[in-house]
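Got a structure here, written out as C-alpha cells. Questions coming.
Chain IDs A, B, C, D and E follow the sequence of writing; residue 1 opens each chain.
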Amino acid sequence: MVASKEPSVLLSHLHRADGSATFSQNGYTVIGAVNGPIEVPRRHELPEEAVIEVLVRPAAGVGGTRERHLESILHSTLRQIILVHNFPRHLIQVTLQITNTPENKNTGSKVVQAGSHLAILPALLQTAVLALLSASMPLATILTSVSIAIHADGKSRKLITHPSLKEFESASSVHIMAFTSHGEPLVVESQGTFTLEDWEEVFETVKALCHAEHNRIDDNAMQGVDGKGNMLEFVKSAMGEKVAQDLHWHT
Amino acid sequence: MAAWVERKQSLVYGSDDWLPRKLVLVRAGGTCPAPFQRPTKKQKASVAATASSSTRALNFTLHITSHHGIKSQSPSPMASTTPQSALSFPRETFAKLSPHPYLRAHLQPTSATATPTRANGRSPSQFRTPHINNGSLTHADGSAVVRIGDTTVVCGIRGEILLTSKVPGWRADKAAAEPSSGAGYNEIKELDLLVPNIELATGCSPAFMPVIPPSTLAQDLSTKIYSLLHSTNLLDREDLRIWYQPPDLSDPDRMDDDSEDDEETSASEIKAFWALYIDILFISLDGNPFDAAWAAVMSALKNVRLPKAYWDPDREMILCDDSVDKSKKLSLNGLPVAITALVFKAKEQAQSKDKKYWILVDPDTFEESLCDESVTVVVDCSEKKTRILSITKSGGTIVGREEMKDIVKLAEQRSTELSSILNG
Amino acid sequence: MPREVEPSVNERQFFEKALAENLRLDGRAFDQFRDLELSFGDEFGVADVRLGKTRIHTNISAEVTTPYPDKPFDGLFTITTELSPMTSPHYETSRPSDPEILLSRILEKNLRRSQALDTESLCLIAGHKVWSVRADVHILSHDGNLIDASCISVLAALQHFRKPDTSSEGENVTVYTLEERDPVPLSLLHFPYCVTFSFYPSTVEEGETVILLDSTLLEEQLREGSATIGINKDGELCQIAKLGGISVDAVAFLGCVQVALARVKEISTFVIKRLAEDAKKRDKGDLMAELRAENDR
Amino acid sequence: MASTRTSTFVLPGDRLDPASLPSHPTLPLKLGPGLRHIPPNTITPTVAGQLCTDKRKNAVWVEFNGGRYIPTTGDLVIATIQNSAVDIFYASVSDYAPKATLPQLSFEGATKKTRPQLSFGALVYARVTHANKHMDPELECVSQSTGKSEGLGPLTGGMVFDISLGMARRLMLPKPVEQGALVILDELGGQGVAFEIAVGRNGKVWVNSNSVKGTIAIGRAIQETDEKALKIEEQRKLAKKVAREI
Amino acid sequence: MPLDTSTYSLALLRLDGRRWNELRRLTAQISTQVAADGSSYLEMGNTKVMCTVAGPSEAKGAGGVRLGNDRADIRVSISIAGFSGVDRKKSGRNDKRLMEMQHTIASAFAQNLFTKLYPHSTISLSIHVLSQDGSLLAACINACTIALIDAGVPMHDYICACTAGSTSSYSSNDETADPLLDLNTMEEQELPFLTVATMGESDSVSVLIMETKVQVGRLEGMLAVGVDGCKQVRAILDGVARARGTKMLEGSRM
C-alpha cells in the first residue's frame, strides 16, 4: 500500500496515560504515551530538575542498540523543550511504541532491519511532542521535524521532502532536522555524501517547513500560504481541534 | 550565581604565567554559609536579591594568583577592604564546587589582551594532539591504538567467514543486482558484515564500572559507528566476497590460480563473505569518545590484511592461504575524519535566552559535564573537494547555519592533521 | 518505581454492596462482555483489539533461522508480552511483573503447547532452515482482562499474517519477495480463545461465589480469585488456569466451562467476519492498484 | 462575562501579541496557569490551550484540559490515605505522584487525644495548603480561620468516579450552568434525585445517594457528560433517563 | 513413542500396576527440620519434596513492606534440585513455569490461611524438590499444607491436591476412555491431565490447572476423579497430622 506523506494524528486516546498520541506519516505509525510528573526512585532523582525517561519500543522484536541511540537523541532533545526545572525530583516518562513501519521489499521477512533506523526519527520526535502536548506538559516551545533526501547523480540534484523508505535508502544523502517553533535548529542528523552548500539548502528548506514567519498569534487567517507539508501548521491545527473539543463548554 | 557576574572584573591573571594556578575565593562582608556548598536555586535567588539591594551583600570575589600563591600580589579593591576573612581554595576544589562559573571565568577573561582559554589550557578551537599506533595486535587482522589527550582507544578487527549456505535468506540472483539499480540490495548492510562493538566497562572512567551490561553510551556509540560505516560506503563489497570459479573441465590447465577475471564468467558464484568484527575498547576516557573511536576504526581498517580465502570443493569448506603475500588490504573509499564540538553557554540554565556561548572542540570530560548541545561533523578531505559525510547535533539550539560553517572549517583543518598521521 | 495504586476503602465497600445487589459499576450484567473491536493494519499480521478501554496491538513477523538441535523438524514460534510504562508507570521494563508472567504463560500454553500454529509446517530444511514466527504483543492500554484480549489479538493477527513464499531445491531455499510471489498464510490447526472468570465471595450467601466475566481493572484488583479457560469452538479444552484464589464449587466450575465454550464460538465467528471484511477491502485495494498501474502504462 | 473575556488558541512558545494582553492602569498583571514569564518582559504559553484574559481582574491564563493533576494551593481535592506517621497522614492526590502530607490535627475539633483514625485507603476531602515544586504538597481538612470543617474531612460510604481535570473544573465553577454549559447536576436535582457530591480538582468526584443503583447512575451520568462532551440538551435528556431508572 | 495403553483396556491395570483410581504410595513426615517454624517431607510415588515454613514474621527488606497492609504476605520459593529429573537440567531463576507455580501456591494459601491475624508480616514457604515423577505441583501443595499445620498457622481447612488424567488422547472423542488418578511422569507426557486442589472434604476447587488438550466432555470425569483423589489425600495427610499431634500431646503430658 502506498504510504501517505500527509501526517495524521489521534490525540489523548489511551485512557490511563496522562497524555497520548498516535502519529502516522510516510508509512510509520508511532503510539506515544506520556506519564508525569510522577514519583522517581531516590537513586535517580535530580535535585533541580525532572528526570526524563524515554523508551522506544520496536514493532517487532526487542529493543537493541538502535533504539538506545534513538532514545538518546530524543532524550537530549526533549530535555530542551520540556520545562524540566518546573518539576524537580520528579519523573516524566515518554514511551514510544512503533506499531507500523513501511514494508521493506528486501528485508520483508527480517525482524530487525539492519539500517535506516534514522528514518523513523521524525515520526518519533513528532509523536513525543504531540503526546507531551496532550499531557499538557509545560513546554518552552514545540518542535517539528522533517526529513529530506537528496538524490544527486553527477550534475542534477533533487530534494525530496518526507522521502519514502525507498527514496530514503537510495538517496545520496539524507537529512533529518527538527526546529523549534521559533525557527531554531534543535536536532540535525545528516548522513551520506554532501557538501556544505547542499546542507545549507536543506537547512533553509526544513526551516521553512517547520516554521512560518507569519505564524503569529493574531494571524489566524492563513491567506495565500501553502500549508502543505508545513509541520508546524499541522501540529497547530491538530492541537487546535483537540483544544476546541476539550473546551467546547468554554465560551 | 549572580554574584559572579558582578565581580568578574576582579579576575586577575598573574603577570608571567597566564595559566591560573590557584583561585582564591574572598567573601566580602557577612558570614559564609557553612557548610559551604553549591547554593540551591532558592538560595541563589536570595543571594542575588541581597546583592543588589543591601550593603551587606554576599559577594564572592575571585582572585587568581600565580602558583606561588602570593595573595597580596593583586588585591582587588573589593577584596582589600575585608582581607581578614579570605577563604582560599585550591584550583581543583573550586572547579568541583562550582564548575560552571569556573569554566566561564576562564573563557571570559577580564583583560582585553587575554584570549579566551579553556580550563585545560587549550583555546576553544584547539584540538588535542593525536597519537596513533598501528598493527600492534598480532591476532587481529587489523588493529590500532589511538590516543587523544587522556582518551585512549584500542580497536581490533577480525574477519570471520560467513558461508552463503548459512545465510537464511540468501539468494544467488539477488547478489547479481547491483545497488545502483534503485534501492538495491546492499549485502554489507543486509548481511551485517560489519559488526562494531564498543566496550566502555573497562574501568576507563569512574562513570563506567567494569563487568556491567553495556551502558547507554556504549550502545549509542556502537550505533553511531555502525551507521557511519554503512552510510559512508567506506568498504568495497568486492573486498568482502569470496568467489568460487568451478574448474572449467574443457581447459584443465586453467585451474583457479588466477581469479582476476572470474567475475566476468557467469558460472562463478559467491561461496562466502568476510564478516568484520570491529571491537573497540576504551582504555581511558577523558571526553570525546566518538572522535577517538572513529579514528581508531579508520586506522584499524587501513591496517587490515585479510588472508586469501578460497573454496575447496573437495572438502566443501573455505580455506585460507597462510602466505602474507597473497593477503589483501581493504580498499577504502576515502578517509573520513570525525570532529565533535560542544556548546558552552554563559548561563547554567538550559532554557535561558542568553546568547552568550562558546564552541569548544574536542571536549574533555569536565567540559562534557557542563554542556548540553553537541555537534559531530564527519568530513572526508582525501579528494580535492571536501565531502561532508555526516552532521549530527542535538541538545540545543545555538548551532545554526553560520556556526556550522565554522565547525566544518575546523573539521577540514583537523582532517588534514589527522590524515597525515593516518596515512603515515 | 512507584507501586501500583490500590483501590480505596470506599471503592472496595461500594463494589461489594453493588455485587450484593447484582450490579456492576459500568451497568453490565455479570456475564456480559464489553464491546469487542478488532481492526487490522495495512500490513499483514497486525491486529488491534479493543475490549472496552483495554487495547492490545499484536504484530507478527517471520524470518528464516536455524532450528533448535533437539527439534530439527519444528519451526520456532515465540510470543512476547511486555508491559511497558505506557500501560502504567509502575511497570518496569527490566523486571517482569507477576501479571506479565501469568499472561505470557497462559498465551504460551494456550497457543503454543496446544499447537494452534503448526510448527512442523514452518520447517524448510530439516535441521537447517526453519521459519521463526514471532508475535509481539503490545499492551497499549490496560483496563482489565488482558488475557482474553491478548489471545484474540494474537490469534487474529496469526490468521491475518502472510509469510513470504518459498521454494527449496536440495539444500537451497529461495525466499521470494512480496513482489515476486504472493505471500502465503500460516498453517493454523485450531483457534483456542481464552475466557477469564473473576470470583468474589458472596456477601449474601455464605460459601457462594459471585462470578464476573470480562472484568475491568478495578474489578480485577478487587477479585479474590480467577480462572482462565482456553477452549476452541469445537469444544477442545486447551488449558485451564485457576491459579489459587478462593475456591469454587466443582459443579459451578463445570458451568463456567460451558459458558466459555459458548463465548468462544461467538468470538470465533466475530474474528472470521472481521477477517473476511478485511480481505474484501484488500481485494478492492489491489484491484485499484492494478487499475492505476494500467493507467500509468 | 463574555464581554470581558476573549480567547485564542495558543501553543507553547508562541509569541503573544502585547496588544492581546490586558493592560490595567493600576492592577498588576496576574499570570494564571499555562503561562510563564521570561524576564524582562516576555510572556509565553507553556501548554496548548485557549488564551483567556479577564480585563476587569487584569488576569491572563491558558485554559486547557488534560494531563496530570499538579497540586496548587487552595485547590479542593479528594485524597486517599496511604500511610500514617506519628502526627501526619500521607495521602495520595494523584496516582504515582509523591504523597501529600496531612497533619492529623488539621481536622475539625481534632486534638492530640481525639484525632481521626484513618486507615489505608480511606478517602478525605481536603484543601491544598502548600504546593511548591521543591516540596511535597500539604493538605488540610479544616479551615484555618474558622476552625470549622466547612465540608472537608473524611468521606465515608459512596463511590468515587474518575473524571477529566477539565470536568472537575467545570463542576467547581461558581456558576456551572452559565460558565461551563453544565446542567446535569441541576437537572438531576430538578428531577428529584437526592444525592451528595464532592468534587476534587484532582479529577475525582465522590457521589453518595441512598441507593447503590442511584450512586452508580449519577456517577456514570457525570462521566458520560464528560467523555461524550454532551450539550446542554443532551444532558437534560440524560438526567431524565437517569431519574426514570432510579 | 506413544504410551502403550492397549494393555490397560485388557487388564485394567496401568503400567506401574495400579488401577485407574489408585493413588501411588503417599507418605509424609511432619516437623522434619528443627530449625524451621514448620516443615514437612512428602513423597507421592517417586516425587519427593521438602517444605519449610518461616513465619509469620515481621516483614522486612526493601520492597517487602507494603504500606497499609492489613494481612500477612505469603511468599513461596521453589527450588528444583539438579538431580531430581531424569536428565540434569538447571532451571533458571526466571523460569516462568516455576514462577507460575509459586504464584499459584501463594495465592491458594492466601485465601486459606487467616492472614488477617498477622498484619504487616510475612509467611515464607520454601520448597525443595528432590525427585520428580509427575504430580509435582500437587506434591508441593500437599507438603505446604502439612508444613503450615506444623508451623501452627491457623487455616480454614486442608488444601489437598492430586492429578487426574484420561486414557483418551486429546483428538479422539473416545467414549470408552477412562479417567486415571495420580499420574506419573510417563503418563503425564502422553495423556491429557489436570492438577486439582480442593478445600478439605468439600468439592470446592482451589487450584485447577490443565495444560494439555482434551475434549470438553472428558473434563467432568477427570475432575470428579481428581476431587475424589484429593479427599483420599486429605485422609492420609490428616492421619499424619493427627499422629504428630497425638505424639506432641503425649510429650506435653509427661
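As a convention for this text, contacts are C-beta pairs under 8 Å (C-beta built on N, C-alpha and C of every residue); 3 or more make two chains touch, one makes a residue touch a chain.
Not measured: the values here are computed from a predicted model.
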Min distance from chain CA centroid to global CA centroid: chain A
Taking each chain's centre as the mean of its CA atoms, the one lying farthest from the centre of chain B is chain E
Whole-Å distance, C-alpha centre of chain A to that of chain B, is 26
Note: chain D sits from chain C at a C-alpha centroid distance in Å of 39
CA centroids of chain D and chain E: separation to the nearest Å works out as 53
Here the gap between chain B and chain E, centre to centre from mean Cα coordinates and rounded to Å, is 60
Two or more other chains are touched by the chain D residues 95-97, 119-121, 134
By the touch definition above, chain E meets two or more other chains at residues 68
Residues of chain A that touch two or more other chains sit at 35-36, 38-39, 83, 105-106, 109-110, 140, 180
Chain C residues touching chain E in their complex are 3, 6, 96, 98, 101-102, 104-105, 108-109, 113-115, 224-225, 227, 231, 235-251, 253-254, 257, 261
Per the touch rule above, chain C residues touching chain D in the complex are 2, 5-14, 17-18, 21, 23, 25-27, 89-90
Interface with chain A, chain B side, in the complex: residues 40-41, 169, 174, 182-185, 189-190, 192, 214, 216-217, 219-220, 222-224, 226-228, 230-233, 349-351, 372, 375, 385-397, 399-401, 404-405, 408
Listed in rising order, the residues of chain D that touch chain C in the complex are 80, 92, 95-97, 119-123, 155-160, 206, 212-213, 215-216, 219-220
Given the complex, residues on chain A that touch chain C span 1, 14-17, 31, 33, 35-36, 38-39, 41, 53, 55, 57, 59-62, 91, 93, 95, 97, 99-100, 103, 105-106, 108-111
